[in-house]
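Next, two complexes with chain A in common: one pairs it with chain B, the other with chain C.
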Partner chain A sequence: MKGRYDEENLKWIAPLIILVIVLPFLLRGATFSYRYYLYVLNIAGIYTILTVGLDLLSGYTGLISLGHAGFLAIGAYTSAVLVDQAGVPFGLSLIVSPLITGLFGILVGFPALRISGMYLGLTTMGFGFIVRRLIIALRTWTEGSAGLEVSKPVLFGFTFANDWHNYFLIYLFVIVVVVFARRVMKSKIGRALMAIRDSEHAAQAVGINLVRYKLFAFFLSAVLAGLAGVLFAHTMRFISTDHFDILLSIYFLIMVLVGGVATIYGAVLGTLFIVLLDFLAIPLFKDWLASFMAVQVADIQSLIFGCIMFLFIIFQPMGLYGMWLKMRIYWKLFPFNPKIKQT
Partner chain B sequence: MADLVIENLEVHFSGVVALDGVSLNVREGEVFSLVGPNGSGKTTLFNCISGFVTPLGGTIDYGDLDLLSKPPHSIIATGISRTFQNLQNIPYMTVLDNVLLGNHSRIGNRETVRRWISRRQRELEEERALEVLDFIGLANYEQKYLSGQPYCIQKLVEITRALVSQPKLILIDEPAAGMNDQETMEIAKIIGEIRDYLGITVLVVEHDMSLVMAVSDRVCVFDSGNVITIGEPAEVKAHPEVISAFLGESVVA
Partner chain C sequence: MTDMLGGLAQEVVSGIALGCIYALIALGFTLIYKATEVVNFAQGELMMVGAYVNFFIVTALLDIPMLDGALGFLLAFAGAVAFAFLFGTFLDLIINRPLKDEPVFSVIMATISMAIILRAVMALIAGPMTRLPLSPFGSGVIKVGGLFISVHDLFIISSAIVLVCGFYYFFNRTKWGIAMKATSEDPMAASLVGIPVKKVYRNVWIFSMVVATIGGVLLAPRTLLDTNMGFLGLKAFPAAVLGGFGSVPGAIVGGVIMGVIETVSMGTLSFYFPWVKEINDIVVWIVLIAVLMIRPAGILGREEIERV
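This part shows the complex of A and B:
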């Protein structure tokens, strides 16, 4: 009876948090260019916050979104304008900007009450385009497509001056968001969202208000994307519409897919995997690949991501997290492994 | 007191008359069976009661509540829960979670927030679900994922999910479809226990006459949207119109 639920969750979370804290120190001790690695980890952390939100929406609730780069952009630009032009303190913007993004999420959520699947994907993709055009159109605040310089984050009088500082700021939020998302998804809200994905009739029969929960899923997902946007703007210190194109939205979906759909840890793993691949591995061989293939060097990234997505869908539909679960079961039963087939 | 009273219910699906002025009355504490050929409107009646189909005319009253004015997700608050003919389960959730899903309407928002920090709250939520799982006889399955479980288990999980919210009336749609004889008798036993031990009124749609005859207090026979007869199982079985609808009339009069 006692503590069946979430047992493994608690057992794993403390070592993971310690790892997150000591990792930058390890990197500084072990590598020469640790600042670059920290920068890459920061981007991974920011994207993780977003993909966890995307997992809640597309993985758990089954509402495909191809417009999450749009939410990221709204969060980033809202905060940049609020802090640098309206003089709002960063700490306040950290709360207000995600909420404003959340309102946009509800707005995009309304079509989702009537359509689903590919059609919803196209609608949200359209939203992504609209956001980009809107940012260019609102030139007085956003400086159009030229891009916007953003101030450093200042919290309680402390200025986060470099990637070293930003790392702790970002990963504090990553930990909070991951733990929060796990908790939410294990509660009645998570069950309701999964019920909406798998059977709307059953969901209604047990008393789930479809309108409220679908809009809530969009709101929560957009809030997390907005939070990622705020952190993105103030730690990257420069934002332009080029940062938020449709390809990024698709990469976010690939991250969720590669990590394992509808598992929060999967979103984290998938994001780390894709971002590290993008920044650390692909640069090593992309010139070599482009030398004998008729593709631009810039297209190598999408080529590789596309291939990875295909391979995962075919060979490992449960993603990286599913691989980890299988490995764990294997070692638990070793050496008495029956020939199990995970379903 | 809390009888389900259906009067003159009429449902048309673009020209097809699904229910043609159906009136019936389910008394509290009985097992009431709906039988009839395919397409005679049994499931449509269920869908009307649970709000998925809006009828053209007629009334459905439960106690003094008008069910037709409620959206599907508020029906459970009146104490009516249902299962579906085709399984409507959440396959990638454990059996326990599927059952907890049925308790959705009974878990308040404040409890949900408290649950994020308190293990005790989580256990309270699960206790009730485990009790009902035990009652149905699925206690060993709680941590198993529903996908990959046998059909019979999935069907029982659906019934458990409908029971866990402590309803007063439960609508069970074809519990024995796709079951073998042994499992059918098991279901019959469970339906009897739901009435006897939990005091829940059961409205059940079923084709398997052995199950209907075994558990029903009253049987209602449908044919193409009309009620042919309502009565005790033995009466209904002997009713001439029922025999002609199901078995065909004998040539020699």
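This part shows the complex of A and C:
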């Protein structure tokens, strides 16, 4: 059933898709260093695919995962090994590797049937650690901690040679994933997952199969993370265990939170915000600061990052998407705004 | 054979010392979790801050001839604890107060960003160098029946035991401790029966900062003092969970089990599986996940029974 707010959201989709398509051309017209901006946007796009999946799992279903960098790593390494060492075509790997990652997701999901809350967060964190160690241990295929070079993506005979090509490949998937996730979450499955988050007992009482839906949430989330991993491996063209740090898993959760929990658009906004902040805004700012303070640049970078995160959580706990909703309501009611009292 | 057993025993002893370090950090996690259900991811960083404050005061006092020995250390320790009081109050004011009606998830994220901030600020103040504070207990080693243990480790073990016993008594026998437990059950009901909930929260943050400072001061001579010391918090976190999050004796049980598993597996398994680097990390996590599968609330944790 379509509600009024659904239609309002749909109104924005066409202009946004056009913006996504036009943006690289605008950037090329406007700046010399557009290749770097495209590179940053590509990273944001890859992370977006993952954080949308994380939002499905942690935001909608309430199963906190601190191990999503592990799924990203599995997707990336599986695809790298399949394509470069087993000779599987990239197109096939694009389907198979996420599915393999999804199987790992189910494996991690089994503890989730008994464990909840922070205990689950910790179990998934342990999973992230184990994946990193295993990648180092299986160095016959993965080259250990030295890192692995990966081939360019080739699809239907077309080679995606640079960031310009990769941009369209990645954002095609971003759009598909976002639309797909929105639809899934409005379907019976999505409502079942939200019911599980709100009360497991009540969900079970109305006949939701907890085992099946929880495992499905883990599977779906891991598939999306695996997809992000495949794209990461083949567009960055170099992967090593340093790319899949435990801190990255925490940053993914921060991205979801900054964007707004349990709103797919929030995950997109949050990821864009954090990645752009990390790669574009902070470097500008830190050079300016370092010009009159003799300190380590990396420290300033993490200081600013931490402060922005902190202020955001204190003052805007509903996230960027919540901010946008508030603004929209404000404009709609414009001259007759009721004074909203913050409680 | 006796040689191997002796080596194993030595590893168990050093594992217990390492475990007590984890226990000290885990205790800080437990305190905050017990009263507010918040997992404080900045616990390791709080420890680092406490250790640095102590170190700065000790070095400042070195120039005064009277105060370059044990007395100076005691003064510095008192100063660090006083700082911990102030800083704990400050943390409560900026993290806990503004977020008291938000979901626990947001508060956890706030502590994570606080961890990032503290690490960066400390790096800016102290510089990138690693410091080596001297142990106030000297560098003596005691030999007991073929086993070696340093005096400093003995102090770590004993202070962990004292703190755990102290807090166990506090939470089960004293008025304030029971008030804290009541607050964690249900803040609304607690305030209805006259418990000053805000004060309880503030005290919890102060306690946990003080425990972190004590831990940091004891750890610094053993692990070297730099801004990455806080990452120990991430290793103490599984220890706290293994023992049962929110259980005071669980902190030391989990800590010691983790420490022993870590040193023993490093000593034995890495011998047989040289191709897996740092196999102890994997073993620790596998044990943890296995234990959680059997007892989802940790070894000593109580499973929460919800009323629907």
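By our rule, the second predicted complex is superposed on the first by the 313 of 343 C-alpha atoms of A that agree within 3 Å, B and C clash if a C-alpha of one lies under 4 Å from a C-alpha of the other, contacts with A are read in each partner's own complex, and residues count from 1 in each chain.
Just so it is clear, a residue touches a chain if its C-beta (ideal position, glycine included) is under 8 Å from a C-beta of that chain, and two chains touch if they have at least 3 such contacts.
On a predicted model such as this, the values are computed, not experimentally measured, just so you know.
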{"item": "First (chain B), second (chain C), both or neither touched by A:K11", "value": "neither"}
{"item": "Greater chain A contact set [chain C / chain B]", "value": "C"}
{"item": "Partner chain(s) touched by A:A262 [first = chain B, second = chain C, both, neither]", "value": "first"}
{"item": "Partner chain in contact with A:I300 - chain B first, chain C second, else both or neither", "value": "second"}
{"item": "First, second, both or neither for A:L210, with chain B first and chain C second", "value": "first"}
{"item": "Contacts of A:G126 with chain B and chain C, given as first, second, both or neither", "value": "second"}
{"item": "Which of chain B and chain C A:S199 touches, first, second, both or neither", "value": "both"}
{"item": "Contacts of A:V184 with chain B and chain C, given as first, second, both or neither", "value": "first"}
{"item": "Intersection of chain A interface sets (partners chain B, chain C)", "value": "199, 201-202, 343"}
{"item": "Partner chain C, residues of chain A touching it in the complex", "value": "64, 111, 114-116, 118-119, 121-123, 125-127, 129-130, 133-134, 136-137, 139, 199, 201-202, 246, 250, 253-254, 257, 261, 295-296, 299-300, 302-303, 305-307, 309-310, 313-314, 317, 343"}
{"item": "List of chain B residues in touch with chain A within their complex", "value": "50-52, 71-77, 81-82, 84, 88-93, 97, 100-105, 107, 112, 115-116, 119, 122-123, 126-127, 130, 143, 145, 147-148, 161-162, 165"}
{"item": "Complex interface listing, chain A residues touching chain B", "value": "1-6, 180, 183-184, 187-189, 191-192, 194-195, 197-199, 201-210, 262, 343"}
{"item": "Chain C residues touching chain A - in the complex, by the definition given at the top", "value": "39, 94, 98-99, 101-102, 105-106, 108-110, 112-117, 119-121, 123-124, 128, 234, 237-238, 241, 245, 275-279, 281-282, 285-286, 288-289, 292-293, 296-298, 306, 308"}
